[in-house]
């Protein structure tokens, strides 16, 4: 027990240090710097990746609906927070829209999660009875259906049809100068909650389902009930993640939430390790840092003296990047972390010492 | 043992169970009873339909026809009538016309008090021995997702961990508690599966070939172990087993299955002398 | 009434035939590897780009066979590099690999084309305008269904009456056993990918005659729809894939006719979900039970 406390204190200190570091970087490098962009977007992706990992990595459900739930969350957030004064301009084609009130950022984030969770609960009813790859394709289908419905002209007064949603509070406006801190706080709380769930008796039940559905059912675990729970919780956090992404982007359109986005997040999860929360977080920051920053030079046509470096041209970055991903998928199938967590490294000795008893 | 056979209530009853897969009849009109406190064995050559019978009891399969009662209440009832009769080769008279079909899912049946092990060991492979057993306590939880996530169920969690530790001690796996379940030797994996089953607080324990892959000494120990846990947890045990020594040693009664049919029933002595059994089974598949 | 619907019907049959060409690749691969080949739509797109680059310097008569050849090579290489190493891995890994390949192909095509939409060459024969009753349409509308049916019949013959066809059927029923029976699994799988890619190449020639702009992601949606068609028809069944694709093509265009264009994609997925829930084996699929 004492050892556990130490561990907890150390973890909290590390997290606090990371937060302080994030803040410091923003204050020294400025809100517009590349590092800050990476920290913001990386954190948002971390939440989304962890939410997907809860489903695909911990519960063993191969779901490809994440983009759909992110879209629901993002739209819920944006619709609820556009200031009254700006509504007429945003909904110019729909007479100012139906919604004639505005809520605060935090309640709207919560609502984003709840609406996404509600969608998940409804979609889960039929879909979670499907197995394996059929589940994958059905959730992918639902994500596409959601995208079509959001752009439907008839509910345009709600969603602004296929037009942009904008002028809602963004990261830049919510806590000016402390965007990283805000993102880290929201994402940290959410991931903390997911961790608490994963390490509870329910998390063990999820893992049991992943390992062996038949044995799990023979242990009295109601498969549907637990899958539904994982699905709803995952979508709740995907919804909040979608809302944060909307805050990061500053404007919002349904067409950016295509299945390609789900694929990208799935690849992040795989790189980090299916079944590792810290792996997903690490992979998200790496993924964003590489794609937005470190590999940028590959996109620039460069000449060294009289020598023009071959291959370097716009788009080359993503090619290199996807080759790296394929190498991970093919040769390092466990990803960065496998199913372990960062704080469990060097823990093997201790694993034998009877941590679980008492 | 057998002297309290008449006064005891029956825990499990199979009535005219038939299980077909397409045209293949895996079990044909099987009826049997398992009484409170008994150890009953189900034996028969490979492919006789023993595991299929377990799967019918635990709700993995819905029987094509017949009924399963547990402590007197039905957990599986199916008497196909009319159009559905096509799938069933037998005949259902009007007697069953008003019997409502019952098909409980495996998890519900486990919650009612039937726990099982698997012939081909199905432990949760990514988890430690301790967590494997701990998962077995999940079904009796009083927590919901929120109370569990926020650790409001700490007392229950502690009790479950203590129970798990105790069960591991009983099956002799305390030292291996934090080993990965699948890294344990075969015999220990079988014991771990039993511990996991016990964690669900069963009244009836179904063991599917618990001694498979064990050497004679281990098998003897397993026999004592089964009797021990039966008494300790007031269980009724129904097991499938091929090791005849074990079966004859600890069983109160034995059912013999061949090609999906029951060919004999009786005490170990009776079965050993039964010419039909000897012809069908012992004579062919002597170890 | 009929006159107004006729163009939509024709378009539906045509696009349905093109989906069918892609769907065959999905259904064959799924039948054998139990893999949703997410990269198949991108192979279809690649065929479109091959055509654009080849016709830039070669006559069309030579380009088309070359396009088919190159697409086949691409399909073959993808299988060997990305799927073969994962034969014994869990199915989820191989599906993730398929998604990775799709991501790679899209990025590669973006890099090569510079991200700009390319104009598909006009194929004089297929683009000819003809009149059917009151509707004017391109000849490709007539050619597509005929060619589709012809190829599907040929393929069914191949599968039912040749040695390699028999091997394919055997592998799809039982992977391990057929391996034990001496069937060269890897060559059977390669042949499957070769056939699927060739069909996708032909499909792309027909498809891009109507939708002339080729972008790196253009194949994703037809790819997914073709997969739905394969599921709808009963995954593993080639005639099923064709009929499923035709039904989807026609329904999609009728929905457009009804003025609900935004929902033409959503409809396909709604259909998928309904099929999965009520008849997961599809129209012509065989029932198989999972062993416990």
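Note that the chains are named A, B and C in the order they appear, and that numbering of residues resets to 1 at the start of each chain.
Going forward, a contact is a pair of C-beta atoms (placed from the backbone, for glycine too) under 8 Å apart; a residue touches a chain by one contact, two chains touch by 3 or more.
Worth saying up front: this structure is predicted, and the values here are computed from it rather than measured.
J.: Among all chains, whose Cα centre is located farthest from the one for subunit C?
T.: Farthest by centroid: B.
J.: Which chain is in the middle, if each chain's centre is the mean of its C-alpha atoms?
T.: Closest to the centre of all protein C-alpha atoms: chain A.
J.: Give, as an integer number of Å, the spacing between the C-alpha centres of subunit C and subunit B.
T.: So the centroids are 48 Å from each other.
J.: Please report how many Å separate the Cα centroid of subunit A from that of subunit C, as a whole number.
T.: 32
J.: Would you mind pulling out the distance in Å between where the CA atoms of subunit A average out and where those of subunit B do?
T.: 43
J.: Would you give the residues of subunit A that are in contact with at least 2 other chains, written as numbers and ranges?
T.: 214, in rising order.
J.: Please set out, as single numbers or ranges, the residues of subunit C touching at least two other chains.
T.: 292
J.: Which residues does subunit B have that touch at least 2 chains other than itself?
T.: 60
J.: Using the touch rule from the top, collect the residues of subunit A that touch subunit B in their complex.
T.: Against subunit B, the touching part of subunit A is residues 193, 196-197, 200-202, 204-205, 207-208, 210-212, 214-223, 229, 233, 275, 339, 351-358.
J.: So in the complex, which bits of subunit B are touching subunit A?
T.: 58, 60, 105-108, 110-111, 115-116, 118, 122-128, 130-131, 134-141, 143, 145, 148-151, 153, 157, 160-162, 164-165, 177-179, 196, 199-200
J.: Which residues, counting only subunit C, touch subunit A once they are in their complex?
T.: Of all residues in subunit C, those touching subunit A are 34-36, 38, 81-82, 85-86, 89, 91-93, 95-97, 99-104, 106-108, 110-112, 114-115, 217, 220, 224, 227-228, 231, 262-263, 265-266, 268-270, 272-273, 276-277, 280, 290, 292.
J.: So in the complex, the part of subunit A that touches subunit C is made up of which residues?
T.: Those in contact with subunit C are residues 56, 62, 126-127, 129-134, 136-138, 140-142, 144-145, 147-149, 151-153, 214, 258-260, 263-264, 266-267, 270, 274, 313-316, 318-319, 321-323, 325-326, 329-330, 333.
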